[in-house]
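Just so it is clear, A, B, C, D and E label the chains in written order, and each chain counts residues from 1 on its own.
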Amino acid sequence: MSLVEVDEIELRFGGLVAVGDVSFQIEEKNVVGLIGPNGAGKTSMFNMITGFYKPTKGKIIFSGTNIVGKKPSKITQLGMARTFQNIRLFPSLTVRENVMSGMHSKTSQGIWGAVLRTAKQQKEEKEILEIANDCLSFVGIKKYAGRLAKNLPYGIQRRVEIARALATKPKLLLLDEPAAGLNLSERKELIDLILRIKEHFQLTVLLIEHDVGLVSEVADKIVVLDYGRKIAEGLPNEVLANPRVIEAYIGKDDD
Amino acid sequence: MTPILEFSNVDAFYGKIHALQNVSFTVKEGEITALLGSNGAGKSTILKAISGLVQVRSGTIRFMGEVIHQKLPHDIVSQGIIQVPEGRRIFGSMTVLENLELGGFTQRKDHRFLKQTLELIFTLFPRLKERAKQKAGTLSGGEQQMVAIGRALMGKPKLLMLDEPSMGLAPIVVKDIMKIISQINQQGTTVLLVEQNARAALKLAHTGYVVETGEITLSGSTEQLSQDHNIIHAYLA
Amino acid sequence: MDIFLQQVINALVVGTFYGLIALGYSMVYGIIRLLNFAHGDLFMLGAFAGFSVLSLFTGQVGFIGIGLALIVSVLVVGLIGLGVERIAYRPLIKKKSPKLNLLITAVGVSLAIEYAVMLSYGPSFRVYPIQLPNTGFHIGDVKITYIQLGIILFTILIMIFLQLFIHKSIYGKAMRSIAIDDTATSLMGIPVHRFIGLTFFMGSGLAAVAGVMDGIYYGQINFLMGFLFGLKAFTAAVIGGIGSVNGAMLGGLVLGIVETLGTVYVGGEWKDVFAFGILILFLVLKPTGLLGEAVNERV
Amino acid sequence: GSGNGNEIVIGVISPTTGQSAKMGQDMNNAIQMAVDEINGKGGVNNKKIRLVFADDACDPQASTTAANKLVSENVSAVIGGYCSSAVLPASGVFNSAGIPMVVTAANSEKIPENNYKNIFLLNSTASAQAQTATNYMISNLKGKKIAILNDNTAYSVDLAERTRDAIQKAGGQVVLYESVDPNASDFNSVLTKVKSKTPDATYWTGYYAAGGLLIKQFKQQGVSGSFGVADGSVDQTLIKIAGENNAEGVFATMSPLPQFIPGAKNWSKDYETKFKQAPGPYSALSYDGMRLIIHALEQAKSDDPNAITGAIAKTKGFATFAGPVEFKANGTLTKSNFIMIGVKNGQFEMVK
Amino acid sequence: MNTPFLKNKSFLYILLFIVMIAIPLITNRYWTDVASTAMFYILLALGLNIIVGYAGLLDLGYSAFFAVGSYTTGILTTQFGVSFWISIFLGAIFATVLGVLIGIPTLRLRSDYLAIVTLGFGEIIRLIANNSKFTGGASGIYGIPKPKIGSFVFQSNVLLYYLMFIFVLLAIFVIWRLGNSRVGRAWKYIREDEDAAEAMGVNGLYYKLLAYGLGAMFGGLAGSLFAVKMSAIAPESFGFMQSAMILLAVVLGGIGRISGVILGAVLVILLPEAMRSFSDWRIFLFGVLLVLTMIFRPNGLWPSKKETEEMDDPEPLKGGSKSVVS
């Protein structure tokens, strides 16, 4: 059974159709790449899946429930986590506090627990800290745990975002251009990280990326958008050889 | 060729963080110079120091022989040093056209230049012509990058500095942008290019520098650098 | 019906004053996103500056006197506004302090200005040394005085000028871009702080104009006259759509009418409740105001 | 208790900052004047009087702090009090500390309603003033239709309500009863409303700043009938703000001003020489209040607060500018001292 | 992070505690009065700190909640003979309910708009108090009885001071624990970036309402205490200047940090008192001082600590290391 079913989704901004009648599925434990020219509607698609935009038409089924109209926080609780194209960390908090936020949806203590310091609360606090540290170690940035997020270089910030997303213990992880601004060796590590995440956490990944090489290395399937429409879907090598995709997106190699 | 920009023995800090340590390099007039390096190496800091956005603690920065590192950002821009900053930083709630007009602030008296340049930009990026009246903040990432480059061109740069212009762009657009940078350079504008995409950058540039944790560790012509096995290992393989 | 129309005229005049101050508020807010609490006090300063100039005249004060009072007041208050920006706000803006700190500073500036005036002019009300004739014309039973007409026309003129300046000139656009991203604006070669200073000068000058006109029209001034008036003006700016020139005027008029009608049909003691009630209604239902532009923020 | 052996400490509580700062200053001056005079004559009971000033800023919160400050300075008695809303909480503090207070301006009925035995009001209360105003408007002006405006402060509303009741009792008709915002400067909307009711008289119970503007706009709109103001508006500034022409004929209810009392003419002059300005509306009362305390000190032959309280309560026929005073059990005057004055040629003058 | 409340500067805190207890015993009536005013400002500032410091919601009309508490106690005790203890409880509840009610439509607004709405709201509450019969109109309510337990009456200033002190201790305890919990972190996430917080499963509106309601509750509590301390209340006490002063207290000492907020509240009360001898110059200097503080100590006089370089796990970062090019 597929984890996500996007069904004839449409998103309009006034007259502009950002996404039109797009359908695709994401199978469990797969990595799906979402590519397409700038402005094709990839981020918009992310925003609809995660509840930040409300589609003007269509359904999105996640784990059997239609999540259209639900708030982002609700959707996260259902088991989805994302990173942002323009990094959105909590700038004046430490890296550890940033990652601890991921555990918010998996814990429940409220004001009474906090004020009375119940046993359950203390257990939860311990768990939150542990998971946060684990996630930091997993993405390899434990040594930055006490630094303020805003003072870190771009690449590290990207990793903090990923660690934070992992801390929500998601079933589906959505990464929006994680390789942007990375150099070659960092890119290699990212590929490695994505594959390790998939292995270790047994989760499903939806990945937006302009680095076609990277996508073809990690993805089981690629979906291509252009002007808000789906123009191709399939195995990486098939899709990347598709003349429509080459014309709209990759460009002919002229060197 | 004579260096248009001399960056000599510069040290810069963010609070306690020593972001640039005794960094020196030059940019030759008419060339494309590339700065390579991994994340957090200090490339953007170099550009910020040139633009006057980061205070230089010691060392000097000269542009066409004149010391500029004590000047204010807008004066530096008026001298023809224009930066396309990291993350684009376009004016989101203003239209594409207004963004471009603002880019031409220093040339505001030269209507002919502005008109010509606007036309040039619209031929380079037809997408922008379509979206001239749209709020720039609602454009996609790639479209925004086009606005940012166009905006810089409107200021009639003598030295155009681009901080990772290919970031977040579709491959086809990256190719276009690189071509455009090359065109701009051929028309006489000196370019200082910061890029993660080393392959593309080395192909485009004449001279390259490698920045690692705040220091310059390698330099040379791009042919030399392309041969260097460390470079090949770290940036091209 | 005539009473109603007469009330509309009353509302127009009050609204014009709100609008004039709202313009300055809106400009400053528009460029540095600062709720400049001290703006109402600059209006008060304007009234006092005009008072000082007019006090120099002995005997009948003519149009020359009024003109001189306006010019001196605009210059003096404009420079004070510039100084306030330079001394109190700029260090914070440069450090990119949180908005909260700026607001607190503004409260401090407001208190300092109010009590500096109290210390130099005393706490009591001062009476403007000028009595303008009460002549005018009638339309039906509705009376409009020449002063009222003058105030309204003068304000419209200022508004048209500002509208053109902010939306059509590159300087106006630069002001707007500073509000969005001042660092990026400086990378366009725009002297950001000079522009912020200019905005403060203009905003303060407008407040001064309103202050002198208020003094002449109502005749009585006091060191605390600016505070509530400033808040009302801000309300007007929000109703009209903050950052919009026409909006500030429209907001002023709407507020004037709401207050007037509220006074007439419900009772004067509830006037401010109406003013702030409509403010809340607007912010909740139409936060961009009547003429403000909607900003779609991307995620 | 009192200060060191050879001085008597008297507290003064009044607003010297904020909107009513001028009133406080006028009161303080007059009080200082009375003290200087007695100290010049060698003091009371062979002791000099020392004043301690505390600013209540017309704010309830600042007022209790100011009151506590005076109590901890061991004052023997307190004089002052301008805004009723500030006097109310302060009087509680003085009551619990057992220190007598002579209130020389505030006159809300709520102050005596607390039944504090050591608080004395030298200014007649609102009901007395309301009655004076009513008598004048109904009998002298033959007014039937009367509009009442207040400025929504404690004092003003209280007086307005009592005037309304008194007028209705006297068979008059209150055609309009309204509050205005004293911080505004445009009252045209409310005056247009007044005009439509064609009143015989309009009575304003607020302070002079808004009062002046009201008169000016009242005349500009050409509202019918005459305009009257209460004591809070009796100040030369009222006439200046309104403009001499507009103010002509305005009547006022007032606690007796020194210039209308033959014996006080010289006092006014002395005051002006001393402070380079004319006395304010409550200067004379404050001066008398201080004299009353001095009188009580003499009678009690002691500076013990309880003794002073007792002496003030027993005051009989103590001569003030306004005539002889004595107090009822609740601390208010037995006999109203309000008079009617009016504006003539730009000056307040006694009516009739 | 989980810094224990009494670990580092425990000596200092204990000393402070002793001083606070001793104040009424060693000083006179005036200073006790000033200290109790400071106490209830601390309570107000702590409450507002939840809203402004933790959740990052700029509230310029906080005195509205304070007014609700005051009037609840004022009206219930004088007109219905209700005991103070019930009235303070109800006052807190009413304030909370009001906070939530005004919060629901407005908390979606951008931060500066929210500031203006709250300002307007605060003025409306004051005007309602000023213009209504049941609140005693402009002259307010007087003769509010002192609290009592059985036949024991909190008659003197000193007893009231200790009563407030107990409430302040309670507030510090509750707010400190909240701040260092999942709830407290959720507030900080919202303050930093609401969209990102949503993406992490933090229900923005819920937590904002929680902050607003709790902050309002403490405002209500402080209001009830104010009413019995003053014994007479009037609308003047609940105007914008009051809200501004409370905000000042929060910002002056060090926003978001309990000890900073307490310091700020004490300063806001002490400075004007200390400057009394300047009389006319007082407020002017106060304004100037404010500006200077913001320029030279923008994070307040006692700001919270900043980042730490973590050294417990010196695992090198592969991507950024220098070893790539030798």
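Note that contacts are C-beta pairs under 8 Å (C-beta built on N, C-alpha and C of every residue); 3 or more make two chains touch, one makes a residue touch a chain.
The structure presented is a predicted model; accordingly, all values stated were derived computationally and were not measured.
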item: Shortest path length from chain A to chain B (each step joins two touching chains); value: 1
item: Chain located farthest away, centre of chain A as origin (C-alpha); value: D
item: Most widely separated chain from chain E, with each centre as the mean of CA atoms; value: B
item: CA centroid of chain B to CA centroid of chain D, Å; value: 75
item: Chain B-chain E separation of Cα centroids, rounded to whole Å; value: 49
item: Mean-CA-position distance for chain D and chain A (Å); value: 73
item: Where chain A touches two or more other chains at once, by residue number; value: 13, 52, 84, 151, 153, 155-156, 182, 185-186
item: Residue numbers of chain D (touch at least two other chains); value: 17, 152, 179
item: Interface hub residues of chain E, defined as touching at least two other chains; value: 130-131, 195, 280, 283, 319-320, 324
item: Residues of chain B touching chain A in the complex; value: 14-15, 17, 36-40, 86-87, 127, 138-143, 145, 164, 167-176, 196, 198, 203, 234-237
item: Complex contacts: residues of chain E adjacent to chain D; value: 28-34, 37, 130-131, 137-140, 142-143, 155, 157, 229-234, 236-237, 273, 276, 279-280, 282-283
item: Partner chain E, residues of chain D touching it in the complex; value: 16-17, 55, 58-61, 64-65, 68-69, 71-73, 84-86, 88-89, 92, 96-97, 108, 110, 113-114, 152-158, 179
item: Chain C residues within the chain B interface of the complex; value: 170, 173-174, 176-177, 180-181, 183-192, 293, 295-298
item: Complex interface listing, chain A residues touching chain B; value: 13, 36-40, 43, 85-86, 151-156, 177, 180-186, 210, 212, 248-251, 254-255
